[in-house]
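Common to both upcoming complexes is subunit A, partnered first by subunit B, then by subunit C.
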Partner chain A sequence: MPEEAGSRGLAAADRYYEDYGSRVRELKKQGKQIIGYLCALTPVEIIAAAGLVPFRIKGDVNEPITKADTEMETIVCPLVRSWFDMSLKGKYEFLDGIVIPHACDSISTTYNVWKNTLNLPYSHLINMPHSTDGPSLKFYKALLNTFRTSLSKFTGKEISDQSLNQAISLYNQNRAKVRELYELRKASPPLISGAEVAKLLIASVSMPVEEATLLIDSVIKEVKQRGGVLAAKPARIMVVGAEVDDVTFIDLIEDSGAWVVADDLCPGAREFFDDADVTADPIEGIAERYLRKIKCGRTFREKKGDYDDYLEERFGHIGRFIKDFKVDGVVLYIYKYCDPYGFDVPAMKSYIESVGAPVLYLEDEYSMSTIGRLRTRIQAFLEVLGSK
Partner chain B sequence: MVYVAGIDIGSAFSKAVIMAENEIIAYEVMPSGGNYKLTAEQVIEEALTKAGLSLKDIAYTVATGYGAASASFSSETASDISCLARGVYYLFPAARTAIDIGGQFTRVLKLNNRGRATAFLLSEKCAAGSGRFLQVIARVLQIDLEDIGELSLKSKNRVSFNTGCAVFAESEAVSRIAEGAAKEDILAGLHRTLAAKIQTMVARLGIEPDCAVVGGGAKDIGLVKSIEEGLGCRLLLPEEPRIVAALGAALVAWEKVSKGG
Partner chain C sequence: MTEEKKPEERKRRKTATEAASRVGPMVKAALAENLRAKEEGRPIAYSFIYSGYDEIIRAMDIVPAWTENYAGVCGVKRDAQRFLEKAESENFSRSLCTYALCGLGFDSWREETGEMPPNPPWGGQARPTVMLGSGQIICDPRYKWYQAAQHYMPDVPVYVAGLPYPPYEDDYDYRDVQGYYVKYIVEELRGLVAFLERHTNRKMDWDRLSEVIDISDRTWNMISEAYDLRKAVPCPMGTGDAMNTMVPMTFMMGTQEAYDFFKDLYDELQLKIANREGVIPDEKYRLLWGGGLPSWFALTDFNYFNSKGAVFPAEVTYRLVEPVYNLDLPRVSDPLEHLAWRWVKYWAYRHDKARKRPGSNPDVERLIEYIEDYKIDGVVMHEAFSCRSWHPGLIWQLNQLKRIYRDIPSLILESDIVDISSYNEADTRARIDAFIDTLEAVKSR
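Coming up: the complex of A and B.
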């Protein structure tokens, strides 16, 4: 990260968020190769270990989806279509390649569209399985080894165990910093707003991991130094959903008289709370993290026992967040045609209500045009919380 | 005497209620049209004329609904849910569930014994779950919206519809007309389709008696009967179901004035 004044702290996070991709654009000029990827389920450790810079593709709720609609039907979720639309409109012209994990069907089944339309020097699909059992893990490890080989063919350099272990440890340091950041949200009122956290974390996946860690660390220091500057608000909200890579929705809640103090989102707690263990075969630790540790609706977790045991296995972490972050109410923010999260809604809602938190379920289209409709529902929800 | 006003600019109709403290003294309902700002001014003006008052006599005005922000003369805005809850509680203190069938959305609310919403659900952005559905069908059958309810009650042989989508239902209705089905049978079938959507929402939230039905859709007696049939209970129905949110907005205004002053 450049060392000049103002390259750290909240102001810098804001700038990297607003001018998304500005850091990798600089690195590209310095001769670095940039690999775009979709979704938190891409094993970025392997890309970094290959000496490449992983860059998360981001959408834009303010940009109407136009070009993407010529290649993707509207049954593809609006977030994926916005990502693709931004890519087609030249926003990510610096990319040398694209990596797509089989996160959900909207992502994996559009792989060929991404590959053939963007026509980048490198494209790869990691067809990861959907179950967490032994054979699935074994299969997934084989896929990760194929990915490792494919990347080393692209760079012409072998990816050593040592460089993988180094990347794992850099990413784990980064995740530990995010967890430290979340501690600042536990105070009442929180020391850092939900919008500030969202912008920082979104910015953090647009730059090399070491730089992201420094940026997060600088924000933690700045926030601790400024102390309790945020006003008291009547409600503490947790947002649960798939990927929210735009701050508009978080702003909307915070402008309506609440603080967003916790989340189960990407980029957010779901993405950063679990480390990859350093294992003898580094691929083992990576596979465990992405297939078994990240609790995304796209992964099916079979659990022996009754339905309550299943709910605890699948959503227990949400319950723990509600308790640890003293959450008053949970907003389920689900995009239209998001199959993994859409399918989960009834179970998720009943689980969250069973631990005592009221739930507002909102279905959205990843577009600014729906904001007015969402605002009245959020206001009504906050009033309901206030009248309890 | 202190006067307050509530105004509800909905997607289909705009309503204004004038209260002398907590008694309704006048109200007005008119189509929202294409200029919410103008409609907001007109609807409050009409209501004020009926009450023999002018805007300067009103101590506090609260606006709600889709176009609440267009009522620039209002003192503040409040959410549709909290206004509906207050309006329903004022009319039916024993109601614990309320269904509001609006032009744009159907809303289902749970109320506590103080008339506050404790949970709510809204239909998604889809005409099939809202009053808009009835407008579409009235146009296809070339009958007045107001006549739908009574006509549908004459049905002897209800047509069953396969779709829950307003656009497909429109074309399905057209096919049934071509097959010679009676208008009342088509209407009764469509009422069942809409009622089934609403019932699902009520079931998701959990019904607790008494249950009230309000909003423009509640003007359609055929629809109300169909929901009653589905839920297996009688619904409380206000004399003028369209003004309940505006009434609630006026009650918010009265709370402000009486507590603040």
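Coming up: the complex of A and C.
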């Protein structure tokens, strides 16, 4: 790896975040093949096991969407539009392929647009089911095997069980590191800010997993060493939403007089808190993780028991975060046109309030133009929290 | 909640066919049947069109309540705004599917007061026994809407049936994967039958199911043959009417009534062709409705097109069937397996064709096919802002059509299915006028 010393710690995370994709650009020059993917539901283990580098496509709140609209409708969620806009503008010119999971409508109904407009050598849609029952899991495993075959056709090499198992364990190590990182947020004031965590995690999905793990580890060490340098602030906030791949919103909250100490976001706790089990057939553990463990609004869980049990099943992890991270208030941050989370708002809000945390629900458009309005709402919310 | 003054309801749209004019009363009768079922304690299932389970519900004698239809009715009657606002007050974003918002607004209102909202369009929508969603790349509301509705009706069980279909890919053929798709769908449908037996006091009669499927297969064929007649010049039936005849196709599939309806339509169209009777006497432009759900509150726009000499002999929207005899279905004895094969083969219908034309895909191929078969001069699409199912991808399809086939005049209208506040009649008509000018210019070239 180049710049051994300089490629570590918070400053490096910051740089990888600001110059997003810089690491894979180098790897590309060294002959690596880079596969872009959308959303935390892409089974990156399989891509890595094929000897390819998975690279998460990212948007940019500061970049007005100008090119995407010529090929993609404005009724698609603004996050996906920003991803696509950045891709069309050549920001990810190093990609050799793209993998899109059937996550939500905005992602999957635009598959043809992505595939045919970017015209990359490789493309694949993983038609993930919405339910978690037995037949759905079996079907999903079959899809993952089709994906496995398709990738090996692309590289000309079989993907062995052994390389899959190795990838699984590398990703699990990475996730364990993220959980360790989150421990630093439990202190009051937290040892690491929400913005620092966000930048680090976003940067981490732009490079090979082993390097990401080293980077996170170096940040943990640095933060422990620097000790409690963050000032006390009156409120500890948790942010809940879909994918937040830009630090602007977290900054906004932290600039308004609170710390963001927990989240249910991607990249974030939703994405890193559950491992893939090492199973005799490695596809089994991967399938379990993506279909059953990751709690995303796009996955339908069948109701068992009464309605309160159901809310607990769907949102219980949020309740546990609120308790473990001593959260004072929750911001529900949902993009306009986001179906999986938009439909969850009333149930999610009432659940969170039932565990005792006040909720601020914000609908946003992933654009700098709305920042002023958001700031006012956040300040008002923090005032209410402060007066409690 | 006070009842708002209802916006003025439009007078009825003039249809070209007698068949289409019969549809309004059919919808009304179906809604009345729901309310009667409720009174009599018969099981009612909230259902989505195009979820592959119509025949199962019919065979089990469960009364379907098509929630998209009811929202559409509110749209047609221009009485959806109060339900949309109610949903918004519950914190549902106004950017979500307005069918769903209308339904959720209605349901939360009904559950809150314990009775129907005042003066509900056509008597209202009764509380269901079960809610049947589905999981596929058609739309997220198919599993989110009823889950959200459960927040107001926590005791009403929801089943989500996985109904995927193979995507069109370059590096493998759908036949490589169809086996496990079919297997999965069969298991999900079997799960649905078990769910319905558990939550309604009905038992599946498998012979009856086979009969119902036989009727629906014949109906698929009859629809296809009737719609094919619209290739005639002058065209005897346009898309405006098809937005009515979609009712028996999507809400009554598996019933003898639906079959008879399309047989009548077939006969009527044949007669019109024999008499050279078109939607408009002087047909100048033949247009394809190339995608998008219609603005239910503005169906008279089709008449406006007609007044300019334009007719729509074909549409992509709601043409949800192909002739079953063309689908190359394997012979199977399990009726659920037949349903699964029909579903997968329907979706893969144009895969082979698309492969023959570089740069094409099944959606684009379908546009090309209709343009040729129906002698089309221009393509019109509608971008409904709240529905991310059929609408994303339309721009690309249109661009691609022009890139790989030919430059053909096109128009994308923008509004919504139910939310009338997104619609501006003057603007829409000005855009239609401009489009007609373009068509004229191209014709006289």
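Methods note: the second predicted complex is superposed on the first by the 385 of 388 C-alpha atoms of A that agree within 3 Å, B and C clash if a C-alpha of one lies under 4 Å from a C-alpha of the other, contacts with A are read in each partner's own complex, and residues count from 1 in each chain.
In this text, a residue touches a chain if its C-beta (ideal position, glycine included) is under 8 Å from a C-beta of that chain, and two chains touch if they have at least 3 such contacts.
All values derive from a computational prediction rather than experimental measurement.
Engineer: Scan A:110 for contacts with subunit B and subunit C and give back first, second, both or neither.
Structural biologist: second
Engineer: In the overlaid three-chain picture, which partner chain does A:358 touch, first (subunit B) or second (subunit C), both, or neither?
Structural biologist: first
Engineer: Using the superposition on chain A described above, determine whether A:72 touches subunit B (first), subunit C (second), both, or neither.
Structural biologist: second
Engineer: One more residue to check, A:146. First (subunit B), second (subunit C), both or neither?
Structural biologist: Second partner only, subunit C.
Engineer: By the touch definition at the top of the document, which applies to A:277: first (subunit B), second (subunit C), both, or neither?
Structural biologist: Neither partner.
Engineer: After lining up the shared chain so the two structures overlap, which partner does A:380 touch, if you call subunit B first and subunit C second: first, second, both or neither?
Structural biologist: first
Engineer: If you tally the residues of subunit A touched by each partner, is the higher count for subunit B or for subunit C?
Structural biologist: C
Engineer: Which residues would you name on subunit A as touching subunit B in one complex and subunit C in the other?
Structural biologist: 363
Engineer: Help me check something: in the complex, which residues belonging to subunit A touch subunit C?
Structural biologist: 70-73, 75-76, 102, 104-106, 108-113, 116-117, 122-125, 127, 129-131, 133, 135-136, 138-139, 142-143, 146, 149-150, 153-154, 297-298, 300, 302-303, 306-307, 310, 334, 336-340, 342-347, 349-350, 361, 363
Engineer: Using the touch definition up top, name the residues of subunit C that touch subunit A in the complex.
Structural biologist: Interface residues on the subunit C side: 90-93, 95-97, 100, 133, 135-137, 139-141, 143-145, 147-148, 150-151, 154-155, 157-160, 162, 164, 166-172, 176-177, 180-181, 183-184, 187-188, 191, 359, 361, 363, 383-389, 391-397, 399-400.
Engineer: Under the definition above, what is the set of subunit B residues touching subunit A in their complex?
Structural biologist: Touch list, subunit B to subunit A: 79-82, 112, 114, 116-120, 122, 124-125.
Engineer: Could you list, by residue number, the parts of subunit A that touch subunit B in their complex?
Structural biologist: Residues of subunit A touching subunit B: 358, 363, 370, 373, 376-377, 379-381, 383-384, 387-388.
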